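Each of the two complexes below includes subunit A, the first together with subunit B, the second together with subunit C.
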Partner chain A sequence: MPDRTSRFIWPILGLPGMVWIALFFLVPLYVVFCVTFGTVDPIFRSPVPAWNPLEWRFEQVLVVWDRLVGPNNFYLPPVLRTLLYVVVAVVACMIIAFPVAYFTARYAGQHRALILALLVAPFWISYMMRMLAWINLLQPDGLVNFMITLGGIIPLNVNWLSGNPFTVVMGLIYGYVPYMLLPLFAALDRISPSLIEAGRDLGASGFELFRRVILPMSVPGIVAGTLLIALPMMGDYFTSDMLSKSPSTSMIGNLINLSIGTPGQSGQAGALLILVLLVLLAPMIWYTRSNVKSEVRS
Partner chain B sequence: MSDRPRPPISRRRLLQASALGVPGAWVLSSCARAQPLGSPAPAASAAGGSASAAASAAASAPALTEIPIASPQNPVKWPINPGNEPIASGLEPEMNATLRVYNYPDYLYKRVLKDFQEEYADYNVKVELSTFNDISEALTKIRSGSVPFDVGFLTYNNMGRLVYGDLIRPLNHDYIPNINDMWEEFQNPFYDQGWQYTVPYTIYTTGIGWRHDLIPEDIGARPNPYDVFWDTKYAGSIAVLDDDREVIGMTILRNGGTDVNTGDPALLGQTRDSMLEMLSLSRPRVTITGYTDIPEGTMSLSQCWSGDLITGQYYLPEGVDPALLRYWSPPTGQGLIGNDFLCVLKGGENPVMAHHFLNYMLKKDVAIKNFGWVGYQPPLRSLTPETMVADGYIPANLAAAIVKPEWFQVGYPLLELPVAVEGEYQAIWQQFKSGG
Partner chain C sequence: MTVSPAPAEALLEEAQEPRRQRVSRGTSGARAHGLAAITAVYLLWSLVPVAVVVLFSFNAGRSRSTWQGFSLRWYTWDPDGSVINDESIRNALTHTVLLAVIATAITVPLGVLFALALDRWRGRLPAGANFLALITFVIPEIALAIGLLFMVTYLATPFGLGTTAQIIGLVTFQLAYPIVICRARLLTISAHYEEAARDLGATALGAVRRVILPMLFPAILVSAILVFADVLDNFVIVRYLSSDASTETTSMRIYQVARAAPTPALNAMATIILVVSTLVIVVGWLLYRSWSKRQGDSTNLSSFAGNL
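Take a look at the complex of A and B:
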């Protein structure tokens, strides 16, 4: 009897989640495919989705493909730029978040909840508002320039908002660092103190302890955090739009956003979106498989 | 033997589940509107539109290549689709109406809307303002019919789509006597001969705006003022408009051309190369927020519309002299020029009140009050360009932002483009916005 109950209870409990995924992920994804492989209204240039896969056409995908690898491959620079920005921002997020997560997990004691709450507190404000705040801070006569020029004593004129790649990457780091912090904290918090003590007892130096005990055991947190921030960063267009507004810092997300807003180009937006999806699918599959493997090992 | 993790789903199961997608696709296609490609949207409304009328309009809709493109050399008198005749004369405005107005953001003084509500208080009208970011978004939403907008603030390079898409309602001129106070050009505009569907709203030129303390140069004194966008001296502190037609048009003028609606591949190729050169030389930002960014000093110089700098005075930080703002467009009027219009949308529920609203917006004191806030000049006969500075409407340093009637004879309007040419423009713009 308990066997029969447990046989049905988990699928029933999982049902709302599955319905949710079907309605809000699979159906929209199918719509994206139908728009990408559909046609365009000849008067309004709005997308006409092809719901029947047998009627799918591939012109828009070929246009995007040509602009990526063809002779006039002007989509390639934003793609490479996006990859570069995301790699730099992810590494920086890790460097920033790791010590903070480690300190909070190991040394914050009874204040850890408070510290975590304080670290995440700024992120209760909307992303747009935080970016608008940065625009104020980074203006030519803003607080950042005031501080780095020591109140105007050092003759340094930095225009942070003039299509500066550093500003965009900084915005990405600022926007996504808490999403790296939380999984890292969860992974580091799970490391048993006795393992660290054992490492010390066996004569490991601080660096050796980090390299041979803490780092390997925090890999699931690092991978989870990396995926959690890299995926939305790949499609991010808002940061560049707000902090740069310059074509020289355009990312894939900006291309998608531009295509969506351009009459007759929704198919290209869909094709770009599918491209991003395919690129991101590989690490997702790798992560899922490595998780399954580690569960089996444990 | 170790227990291998069970795959979350077997291939057989996956195929079985995929089979479920077929009815899913059928459901989605059933939800889609049953509408032939290129046919007008069925914009039936409670106020007179009907599904059969829309269907008949659909049947009469020509292919896009057959839709005429209005230009000063080729003025167009649009047809009136069967079932979409103007409202009758002498009707009372609708009681308890919610008049839905659809416009760009920051392009209408809200005080004017309140005044309209007060003037028509006997009819208990309420005005609801919704905004769109670009015309493509506006057309999509109007077509969807999800909100029954009564009045639209739109642009003339979409007239063909609006008429053949059966989205706008022809006007009954009896309700709009204030048209007589508009410049003659706009009582019979090339894009709507006989003003069957539209009344003018504002007029503007596209030029260059800057803050003189940040760019202490007389841009207009350069042999070719447009060259400032290719000047490395101002790299990083300038911007162009986030509008493909305006930037491409400006580049064509800068290169000595005059056909800002060209479909010539060689000229377009040369224009694209110039725009990419601009990117590498001056790294411009691409934005339409020059009206706040220039006054605030976030940006020193930008391509902008004439109204931007006039309204920009109100965004200056405290202590900054408004006299520092400058605007340049060709003083002969041979530059980019345009106007926006007001129209009654077919899907609206209050066509009589909408006519009254159009007439109200053309009233001299209302138009001037609105001008004072949005910064864009209405083409009012009673607002003489020559005396606008003396009358205190515009400060002397921004006199170049005043638009003169004769400029519409020599200026270069951005017109609707054939689909293939429009695709070329879009590709150039995408390459530009990709960073080259």
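Take a look at the complex of A and C:
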């Protein structure tokens, strides 16, 4: 029979975590709103947060809005660029991850554990180290230029590392593809081999089998992988900073990062951040809810 | 090399439909080879650049793209630039490991207790808390970092920017790992164990401590490894919440100097962090294996990796 202690034990165990999340997740988010909807001190150019929601002003949001859609819309190109980069990188990650995950799930045989370990390896390698690796390789006198010029024979000097959108997108793909691989592998691994055999017995060709059995069953993995890489990419500024460091490849994350570093622009950084969060709110909630649901189901 | 997942199944197929089997074995064999080639190229692309970074940390010269012979100078003796002699590199390494140790020590117990509570405590409040914890998992890191930066800057918090703020940010960001992993494991542990312990006279807390927690061990271990390795690599949170050079981490250091013609000492620093996280994983894997052996579970690398 549950005595009194057992009724209170679970809330007591959960309390520290809940207090932590309230203090260090909810309060900070509220402060972002207060700074964004506050004002800027006219003399010191320092933000004056408005703690009372009734006093919230929208001046700084309007500044950002004006830069997005107004006549001098210099915020718009980075926003559009971010969307373009993210879409290209996500699609490329899918194209790369699918065959690799499929091979590992179905054909890897006795090498499966090793291949899986190698696929997971990038998780343990610092993102910055992986970007550093490409900075080394793509230097003017680096290995990549050495190879495409066949050791300096062909007079071709590609400038990879300043303002080259190709490099930035490649960096995004390189950085994030492992996060697409794992959920995709998990989904493909759940497809029973006998299901594929059944499809083949019923006369499906290889392509039909892919289109009508494998692809539909891998949708949860594709969706999870897409969200897992697209959400962080929307706030990414360091990939572009590391591999390009040029305004011509800056993304939303770079706009936010620059505003944070500029005195008096904290509110604008907050406004940009809230804008990003608003766009991402629906996918974030949808993903979290589907996780909660699958938890309940299992 | 057989490509069929189950030998018995393949035998059965062969007996039933020899001709068709031969055809499908042929095409699927070619497909398997094609896929194997793609996988091999992918793995090379994914890992060779990092191997080059490690290799050039042993370069005898200053170049990070021309090999000038093997040397340990960037680790040891180079008077102004080596890991041992460059104070900023040394400091970044120790600070990174310090953050990882403290953040893991706070995150894991906090998350495990939270997962235990969520497993039994029903209602709107715990459900909402669970939802928020999962949101911290998917929200872009920059949002958490800026929120805490603003909080520390504009609210009179008892701590300023620096190590404390960095740890608070890291714990908040990592908390979802132990929660998600332990909850998944708790779902497979039936409530009967706890009830049996209670029937045998254990208190509620005693049942948790002596029955549930030991069964949670692999989940706790895996989340500790994940959190530790992830904190070693963290960049966005530690950068926004750092105060000065003394709270610089290795990833911040790479970000600072990677484009400014650094020496291979930077490669050496990155290599050391890689070795640290590899060691943690290997030790974790050994602990996991010895635990499974004691439990009589059959285990292998892929079940460990699958847990990760």
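Going forward, the second predicted complex is superposed on the first by the 246 of 298 C-alpha atoms of A that agree within 3 Å, B and C clash if a C-alpha of one lies under 4 Å from a C-alpha of the other, contacts with A are read in each partner's own complex, and residues count from 1 in each chain.
Rule of thumb we're sticking to: a residue touches a chain if its C-beta (ideal position, glycine included) is under 8 Å from a C-beta of that chain, and two chains touch if they have at least 3 such contacts.
Note that the structure is predicted; figures quoted are calculated from it, not measured.
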| item | value |
| --- | --- |
| Subunit B versus subunit C as contact partner of A:17, first or second or both or neither | second |
| Subunit B versus subunit C as contact partner of A:235, first or second or both or neither | second |
| Partner chain in contact with A:117 - subunit B first, subunit C second, else both or neither | second |
| First, second, both or neither for A:248, with subunit B first and subunit C second | first |
| Which of subunit B and subunit C A:155 touches, first, second, both or neither | neither |
| First (subunit B), second (subunit C), both or neither touched by A:52 | first |
| Which of subunit B and subunit C A:262 touches, first, second, both or neither | first |
| If touched residues of subunit A are counted for subunit B and for subunit C, the larger one | C |
| Contacts of A:203 with subunit B and subunit C, given as first, second, both or neither | neither |
| Subunit B versus subunit C as contact partner of A:71, first or second or both or neither | neither |
| Subunit A positions touched by subunit B in one structure and by subunit C in the second | 27, 31, 34, 49, 135, 139, 141, 161, 245, 292, 295 |
| Of all residues in subunit A, those that touch subunit B in their complex | 27, 30-31, 34, 39, 41-46, 48-49, 51-53, 67, 72, 74-75, 77-78, 81, 135, 139-141, 159, 161-164, 244-250, 254-255, 258-259, 261-265, 292-293, 295-296 |
| Contact set on subunit C toward subunit A in their complex | 1-6, 9, 13, 24, 27, 31-32, 35-36, 38-39, 42-43, 45-47, 49-50, 52-53, 56, 64-66, 110-111, 113-114, 116-121, 125-126, 129-144, 146-151, 153-155, 168-169, 171-172, 175, 179-180, 183-184, 187, 198, 203-205, 208, 229, 232-233, 235-236, 240, 250-251, 254-255, 258-259, 266-267, 270, 273-274, 277-278, 281, 300-302, 305-306, 308 |
| Sites on subunit A touched by subunit C in the complex | 2-3, 5-6, 9-18, 20-21, 24-29, 31-32, 34-35, 47, 49, 96, 99-100, 102-104, 106-107, 109, 112-137, 139, 141-143, 146, 161, 174, 177-178, 193-194, 197, 200, 206, 227-228, 231-232, 234-235, 237-238, 241-242, 245, 253, 256-257, 260, 266, 269-270, 273, 276-277, 280, 284-285, 287-288, 291-292, 295, 298 |
| Residues of subunit B defined as touching subunit A within the complex | 2-5, 21, 24-26, 28-29, 32, 37-40, 61, 63-64, 67, 133-134, 136-137, 139-140, 143, 160-161, 164-165, 235-237, 239, 279, 283-287, 296-298, 419, 422-423, 426, 429-436 |
